[in-house]
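Both complexes below contain chain A, partnered by chain B and then by chain C.
== the complex of A and B ==
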């Protein structure tokens, strides 16, 4: 144990793990990174990245309203996200252009409400810094009491995705194929939307509503670039999600020592790490694809099929 | 040999979609192992008929009976290959995973890997000639290879009836021939009746046992030599049709049709057919 402590002391800034807010951030943030990655893999496969983005923005209306109502921001985020997710599935718009359009309009309406509620928040003076906290996150101010409900909500999302693992995969191939196997496709879509709403809410609480899509889509998209199979894709996305959040927290904590007294925002580090990971994966998979093509070239399609 | 019981029997089926009649009084039946072509132009109701058989569309009237052999699982009596699936190259699914999902893709919970499961998938991949690309991402495969994988996905539960919606569309000529020969062999080996929709009957004539020809919301069904005839198709279309045999090929010509139908036919190529 002393060896481990010595190692940690060398890597981590003084007091990192002993610090209460840091511990809460590590627990809630790490859990959120995991949940967002697991749900995100299926969201990306279903082609609903934009819906995830819109849900993050719309959920911020709930988060900002919660300050006015005097309830926990988490309840506000989750309530609003579930409402919006259920509404989107209920509308069941098949045409992709039409769906993008409606999603965009709903997203705008959500942000308008957020603007209104944040204005009231600022006037009432009950919640200074609510705007930054809701839009861009402030992980180090999360109360320790949030850990249990947040991880509970995350567990519901992960268990839902785990239970629907196979029907979700089949419907990502083709909704008709899933329907032919007896899956109730709209119910499946609704269950995925509810899991997505929970993941989005957790992300919005930790890295902020505006940045939440990065946590949902980034690790998932990176893993989907690299993995050929669904199980490893989910596992890799989870690892990347947790690594990005913990890495971001560590860097943000360290940044207090770079410019004494003024740490940089943790959300910046997390999202930037995710971005760098995605770019690296693209470069790696791009060169791999090129190698595959050059290797495949001498064979004709006939030989391949025989 | 073929048993006397019919796998599929459709009786006086009428289907309407949002108030418009798509199929009227359609009747036909299929025996185990039979290969049946479902022929008609775009919008003639082929997809609607297949979806009604699958239970995804409710008929207005008529009955559909699907018999299940005693040795088969009732829940898996129909296999299905849908139309125009576009498989995204980013899907993290190998050909093998897609076939495996045909076995239990509707179940809840995580799949447990087992040797028996892997061997069953291996056998199915081998049966459709997909062993060579089993480990590749399904989105990276060619159209013909993807069709083989989807056929394996549909067949792995050994259904007594296999429905395929335009599986030959967008394939090159050689892939069409290969898929047709493969399906004919599988129908016999698995004793599975096949109902395959296509707008062109030509590539199917050497292998089909029966044909269901859709036009004007109605169907003419029977053996190819009974259906692809001047008087039968004329009655079906409601105007004079010539079925002409030239150099061993059969050409279906709409001659005495009204002007609007001429215009419609100009947009859709005339069916040519070769009777074996």
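== the complex of A and C ==
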């Protein structure tokens, strides 16, 4: 026990856990890491990484508008992300090239709206520094009161994914197979899109809209490299997501003591940890063939049993 | 440390382009009577007006007390005004660096540019750009403005010098308020959101306890460290400060959370401005009003969040 204490004391800078902004960041950020990872596994399997990225960018329009409307940024992020996610599902473009094209155009329009709203924010004088906070996150400025609504929104996303786990898995791997089994594929897609919108919004609120895909895709992609089955992949992705966020918060806190100025941005540390994890996982799984990894092969053997 | 803003960099490029266009059609301004002067911030415009009297047409560029001047963006009309001005007073220290680019893009042989930072002999890496809160600043600016006006209109030299002395003398009541307060309430502990009024607070003998890093992060809109945020929260919830002085023109969820925490703990708050609130104030009255608000907060526990409804008090 004393050994553990000594280890903790060595790693944790003085006052880490007693620090109010750190505690809020640990709770909201940890929850976000978990939710993003769980949803992210399905997003990666469905091949919707770019859509997730676009959702993050489009949600920033809602985040920047929230300052003008005088509501919480979280509400703005969620509102805009749900609108965009529902729109994407509704458009239901099957051709991958066409889908990428439309997603890219919508992404651009979302960022254009963000630019407009940030301009209005600067004019109205109620949102200094909004650009940095919306695009790149500012986790230590989250109010403590955000914890309950944020975890609530996260719970909705995780419960949605959990309730639809099996049909979602089947439809993620083969829409035709799911349809043959009598699954309502489009309704499933919509449910996934809503869970994705919530996860993206939480990520945008914590690490910023531009960086939100990293939190969503990174741990999931790393876990899918290492785990051979979806169940363990979800569990591993959750662990990795939480570890990256908490590790990033710890490093940002400690950087106060070893950087000139007053510490480096927490979003940088989190996303960089995720990146390092992905690179390490690739090196560890280097013995496997590329084809084995790029097609979601390991999971197919599983669903054929069903 | 300079209050740079990424968007400003984009805009200043555009502004330079616009100024170049504007300079091409400046013949319009050649026929006017009197001096065309610009105070980039309206407090400097006010000082020019007080010295030039009716003999100059004075324009202020940053004059809205409800937006963040650090996020200012120039328009084509303003680029044209700057191109045609005979006298420009700018703050310097990156606070209004976009002006320099427009000036450089539209050369004008007789134009005089006064950079307040240089007038005060401050180094270019001075951390706090809000120079006008220092009681020593405006007398020095007034002197430089009078000299520049006298060079442009030598016949009215005596008039400008007399006005400059009048302005310096009119600051005496404010300086007396600050000195008296410093003497009666030495080392009053205060918290701030930004270094806006720090020079005035120091002249009033206050001890600014907010971490420097937090002030700079809020001023520049960058990510604050959790240590600094927690330190500020502890100042307020631990009743270790007598007043929270906040920048009215820089509001975001973080500064709002400090205001809420101060209110919850019964700590009076005083809102200060980066740009002179108008109508109703000249520079002297503005500085006195903010000092009065500080004194009322410390001695009576009364908050003052706005000066704008004050009407026509002078």
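Heads up, the rule we're going with is that the second predicted complex is superposed on the first by the 278 of 306 C-alpha atoms of A that agree within 3 Å, B and C clash if a C-alpha of one lies under 4 Å from a C-alpha of the other, contacts with A are read in each partner's own complex, and residues count from 1 in each chain.
Convention: contacts are C-beta pairs under 8 Å (C-beta built on N, C-alpha and C of every residue); 3 or more make two chains touch, one makes a residue touch a chain.
Predicted model only: the values in this text are computed from it and were never measured.
Superposition model on chain A: chain B and chain C are shown accommodated side by side without a clash. In the superposition on chain A, A:172 contacts chain B only, with no contact to chain C.
Of the two partner chains, chain B is the only one that A:228 touches; chain C does not reach it. By the document's definition of touching, neither partner reaches A:104: not chain B, not chain C.
Of the two partner chains, neither chain B nor chain C is touched by A:152. In the superposed model, A:87 lies in contact with neither chain B nor chain C.
For the three-chain arrangement built by superposition, the Cα-centre angle with chain A at its corner and chain B and chain C at its ends equals 150°, in steps of 10. By the touch criterion defined above, A:180 lies against chain B but remains apart from chain C after alignment on the C-alpha atoms of chain A. Of the two partner chains placed by superposition, A:286 touches none, neither chain B nor chain C. For the pair chain B and chain C, the least inter-chain C-alpha distance in the overlaid model is 37 Å.
For chain A in complex with chain C, the residues that touch the partner chain are 15, 19-22, 25, 73, 119, 122-133, 136-138, 140-141, 143, 252-253, 256, 261-263, 265-267.
The part of chain C that touches chain A in the complex is made up of residues 6-7, 64, 66-68, 70-71, 73, 211, 213-214, 216-218, 220-230, 233, 249-255, 257. Note for the complex: chain B touches chain A at residues 54, 56, 75, 78, 80, 82, 85, 87, 90-94, 97-98, 101, 104-111, 129, 132-133, 135-138, 142, 144-145, 153, 178. Residue ranges of chain A in contact with chain B, taken from their complex: 41, 44-45, 162-167, 169-170, 172-174, 176-183, 223-225, 227-230, 232-233, 301, 304-306.
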